[in-house]
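Please go over the structures that come below.
There are two complexes below, and they share subunit A, which is joined by subunit B in the first and by subunit C in the second.
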Partner chain A sequence: MRRYFGRKLLTYTLTLFIAATIDWLIPRFMPGDPVYGLMSRMGNNSSPEAAKALSDYYYNLFGLNQPIWQQYLNFWGGLLHGDLGRSVFEHGQPVTDAIMAAVPYTLALLIPAILLSWWAGNSFGALAARRKWLDNTMLPVGYILTATPYMWLGIVLAFVFGFTLKMFPFANSYGLNLEPSFTWLFFTDLVAHWMLPFLSLFLVMFGGWAIGMRNMIIYELDADYSRYLEALGAPQRLVRKYAFRNAMLPQITGLALQLGVIVAGSLVTEIVFSYQGVGLLLFNAIKSEDYFLLQGIFLFVIVGVLAANFLVDIAYVIVDPRTRVGMRGGTA
Partner chain B sequence: MSLQVSDLKVYYRTLAGDVKALDGATFSIADKEIMGLAGESGCGKSTLGNSLIRLDGRMRYVGGSVNLDGNELPVWDNQGMNEFRFRDVSVIPQYAMSAMNPTRKIGTMTAELLESRGEKYREIKPELLRRIDLVGLDRDVLGRYPIELSGGMKQRMVMVISTLLDPSLLIADEITSALDVSTQRAVAETLVSFRDHGFVKSMIVITHDVSILYQTADTILIMYAGKLAEKAPTKTIIEGAMHPYTKMLISSLPEVGVRYANKKLSGIPGSPPSLLRPPVGCRFRARCPLAFDKCVEEPPFVKVARDHMAACWKVTGSDA
Partner chain C sequence: MSSVIASEPKAEQAPQSPGAAAAVPTPKPRGEFLYFALRSRKFLIASTILLILVGIAVLGPIIDSTNPNAQDGLMNQGPSLKAGYWMGSTSFGEDVFSQFANGLRATFFVGLLGGGLAALVGMAIGFTAGYRGGWIDEILNMVTNVFLVIPTLALLIVIASYLQRSWPEARGILFEAIFVGLTSWPWAARAIRAQTFTLRSRDFIDLAKLSGRRGWKIILQEIAPNMSSYLFMTFILLFGGAILIAASLDFIGLGPTNGMSLGLMMYNSLNYGAALFLGLWWWFIPPGIGIMATVGALYVMNVGLDEIFNPKLREI
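Then we have the complex of A and B:
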């Protein structure tokens, strides 16, 4: 067991190292000069000398005047201290702060969407596996939902429920006329703004889980152990209970495999709804060629996805006895 | 009279039409009788075995009746059969190696199965442990997952579970096919000992390999293409079979006791007819060296000697 997790941990660490290096490389190969971009956005009414001084100041601040290998070492040195550098776009604000300000919004979207869609999709899929009429209606709907790109569904929801029906706001995380505060008014406003981006994530994932579960249950109900129980007169209750439990296992693995896709989906969804989470921050970082911010966000996403995968790995070992036996080495 | 089957017909529904896999079976099994059920693959042995305990989704009950210990079994009614399953009729399935839920400890699964049938696991456990000892397993298998057991161990465990409620009739379907020869012998001996201990009253041992029945079965029933061909005590089938198909089947095997070598060499020429549109008359006609005019009519399965039934015009006489 310890060896198993040791090996997993090593794999994850290696993945992280490689991903972080690629993450550091990519923005440096992007065309364009970030400091130049920043200064042109700040307006160009100063003298050439002053501009030169300012740009030197920025090059120095961001460490861009150093040789490239030094920048790479600085990157790791800073990383180990939790320092991701400074954002060009946010006027030199530490990248860590910029990300931390956005993270709560992204998590508030992602976690409920993942957990609720997983729960609802699995329950619904299991139900569909035994109700013909539900199966006949659910199956096509489910397939359409999972096949829908997050962004497209977001746009449709924004158009229908936001623009046309005016049921929910469809831009920003809260009304721009409000100040964040612990008031009922602000809270309801927050929830209203959260609704559509949440729904678009929830619906796409829901379709996928429901279809997966339905197919797995049908497969498990046809498995030998189910037939044996039925041959011995076990009530459907027991047969279904076993089938459901066993069908859940691939869904847990599926969750691990899907996490990356889901995170990407939430980034896109935030952009559609101008929802001020990590996705929107990323969008702005790209627009303004902000090396450090871009790097920091990617790194954050990588670490998040890897950590979540590791958790799912652990959960899987806990729920599936077969993996535990495999680690111990069967007695057979 | 323990089991009495009359004119049982079970077909498979397919898009091309009904596959007449069991087309009118009439036979009986006495108390304490172990009946071997043999015949080439695809002749309907499993269909007969399954129809006595559970018809799967594609099987269709067409007619006939099954009587066990004086009770009519509602074989056409999946719900109605539940009450009889496990307690009166039980099965060691062909897939015994994968019959146990892989994610449940064997003891837990057994307990949940028993409780779901309204039995008290606590009361049955001492007997369960005794039988685990009897088949040579460790008592701690109950705390293990199926994956931790070898194929042979899993099979023995399933044999114990299936017979735990002392069923009147046990159906064992090809349970030796996947095993090596020494394990086959052990399994066959265990089956006989279960009968001798009174765990089961009578038994149907299904196999496509007649030789496995020599030491196990009291009687042998031979099937051909969805029909019964011959039934007699084991010794009679080996030494004095009357039906041409049985004779060819037995002589195609190497001498009694010598299995293996060249076993497949001398098969019966030709292949069984399609059960989708079986030929009229005797279904063995196309391959039978003794076929004659009368064989275009269907030969009845009738008594030809004491404890000996057969369906062949050559045996019963064409004017029967």
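Then we have the complex of A and C:
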């Protein structure tokens, strides 16, 4: 178990290090000059001397005139203090604060959507592997759902249930006539706004898990141990139970593998619904070319995905006894 | 993208149970492939859908040569033959069908190039790691794991948003495909590595080694042909994945600036046309259906091919 976690932690530390380094490298080694970009964006048409002074000022401000290794060290120094710079879009607010304000909304969407779709998809997939008619209807639906772009399902749900049927609001995370407060009115409003983005995330993921589980169960039922149990005359229920347990392991690994895609899905879903989570913040950062915010969000998403990966690893250890007795389970 | 598809979990397990399912690729005569392909309902349906879509993408812009970005027609026109817009027009007076056909073209282009590039990188890393083993494998595996965890889209967003200011020429469909391809290989590398692992210790590989052939020749002539069906299926999944990632990128507003793509159609309809609030459904429904049909058909085709190549899965 120690070996298992040791390996995982090493990978994650390395990932964080590489991701942060890429984050630092991109603005510096991309073709073009970020300061020049910033100045051209301000529509600078003053005299060359003034432009020179301004660009010197910016080089100095961002520490771009220091030696490259010094810049890299400064970057890590700031990072370890939680200092990601200030956001232009959020009126000079520290990037960390702007992100922290958006995180609860994103988590409120992601966590229920991931857990519920994983649970429902697995149960449904296991059920479908048992009933022919259910399998025949579920399989095409499942494939259609996994192939659907997150944002488009969001748009369709907003159009059908929001615009046409007027059942749910489909913009913002709460009514603009309300102030965030701990009242029943605000809470119901929050849930109403949450419903459609949640549903679009849930449905796309559900299709994937259901198909994965269905395929794994069919595969496991064909394995030697299932055949042997059947030959011994074990009841169908028992065989299926063992098959389900074994089919669960790749689904857990699958969850870890899918995390990046899921997060990406939530980012675009938030944009569709103007749901004020990290995704919408990112969208605004791109539109207003707020690079500190952009890079801060990138790092933040990486840290979040790494933490979630680690949680999945812990779940794996609980579910798979092999990892506990020192054998290498899963794919370390 | 991958874990939902039939063959991937099996690849995960392959090292523990050599000889299981997809791990036993046996070379088959072409006739047998056709025989089973023509009897696989999944394969037939999926290839029909794909053929239709490719037809629209290739022939559409030729038959209807309206410029997809020309803002010179009727505005907010619903689908109507009388007005000359059988798929409607946007709030800028652009022709939706022309946008759709050109966007579909871009979608296939990004899928083919991005997916193909990712497959090449994945094969290079997967084969090397799986065949060489030892410390080379350790390093490549670590690199793969690191890039597997980094969310591709987040990385692409940062790169693309810097490029839009500092190197605007790179904001085309070609560069998008290249970037998507260079970031979506990790799971493929891992799956191919696992497959290579199961083949590496077979007798015929030992024989090839004894005959003194070079490592890369053994990989290309002995290992790759023995998992060609698996490699092709990996490419199909990467194809679909690249399309979805590119669509998300376009939807965020980091797509091509002077071309047309399905993701861009959705982006424009929501952000500039307020299509959701005006109910201009003919603007944002077609691009999504185009992506869904393409990617869905690719996924179903993958499962169909799995059944064709792998006798154990055949329903017939």
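Quick note on the criterion: the second predicted complex is superposed on the first by the 275 of 332 C-alpha atoms of A that agree within 3 Å, B and C clash if a C-alpha of one lies under 4 Å from a C-alpha of the other, contacts with A are read in each partner's own complex, and residues count from 1 in each chain.
The definition used in the following text is that contacts are C-beta pairs under 8 Å (C-beta built on N, C-alpha and C of every residue); 3 or more make two chains touch, one makes a residue touch a chain.
Treat the numbers as computed from the prediction; the structure is a model and nothing was measured.
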Partner chain in contact with A:Pro197 - subunit B first, subunit C second, else both or neither: neither
Touching partner for A:Phe163 - first (subunit B), second (subunit C), both, neither: second
Which superposed partner A:Leu238 touches (first subunit B, second subunit C, both, neither): first
Greater subunit A contact set [subunit C / subunit B]: C
Which superposed partner A:Gly208 touches (first subunit B, second subunit C, both, neither): second
Touching partner for A:Gly277 - first (subunit B), second (subunit C), both, neither: neither
Which of subunit B and subunit C A:Gly125 touches, first, second, both or neither: neither
Contacts of A:Glu230 with subunit B and subunit C, given as first, second, both or neither: first
Interface residues of subunit A shared between complexes with subunit B and subunit C: 331
Of all residues in subunit A, those that touch subunit C in their complex: 11-12, 14-15, 18-19, 22-23, 26-27, 30-34, 36-37, 40-41, 143-144, 146-153, 155-156, 158-159, 162-164, 170, 207-209, 211-212, 215-216, 219, 222, 250-251, 253-254, 257-261, 263-265, 267-268, 271-272, 282-283, 286-287, 289, 291, 294-295, 297-298, 301-302, 305-306, 309, 331
For the subunit B and subunit A complex, residues of the former touching the latter: 53-54, 56, 81-87, 90-91, 93, 95, 98-105, 112-113, 116-117, 144-145, 147-150, 153, 158, 161-162
Subunit A residues within the subunit B interface of the complex: 223-225, 227-235, 237-238, 242, 245-246, 249, 320-322, 325, 330-332
List of subunit C residues in touch with subunit A within their complex: 1-6, 9-10, 12-13, 21, 142, 145-146, 148-155, 157-159, 161-163, 165-167, 170, 187, 190, 240, 244-245, 247-248, 251-254, 263, 266, 270, 276-277, 279, 281, 284-285, 287-288, 291-296, 298-300, 303, 312
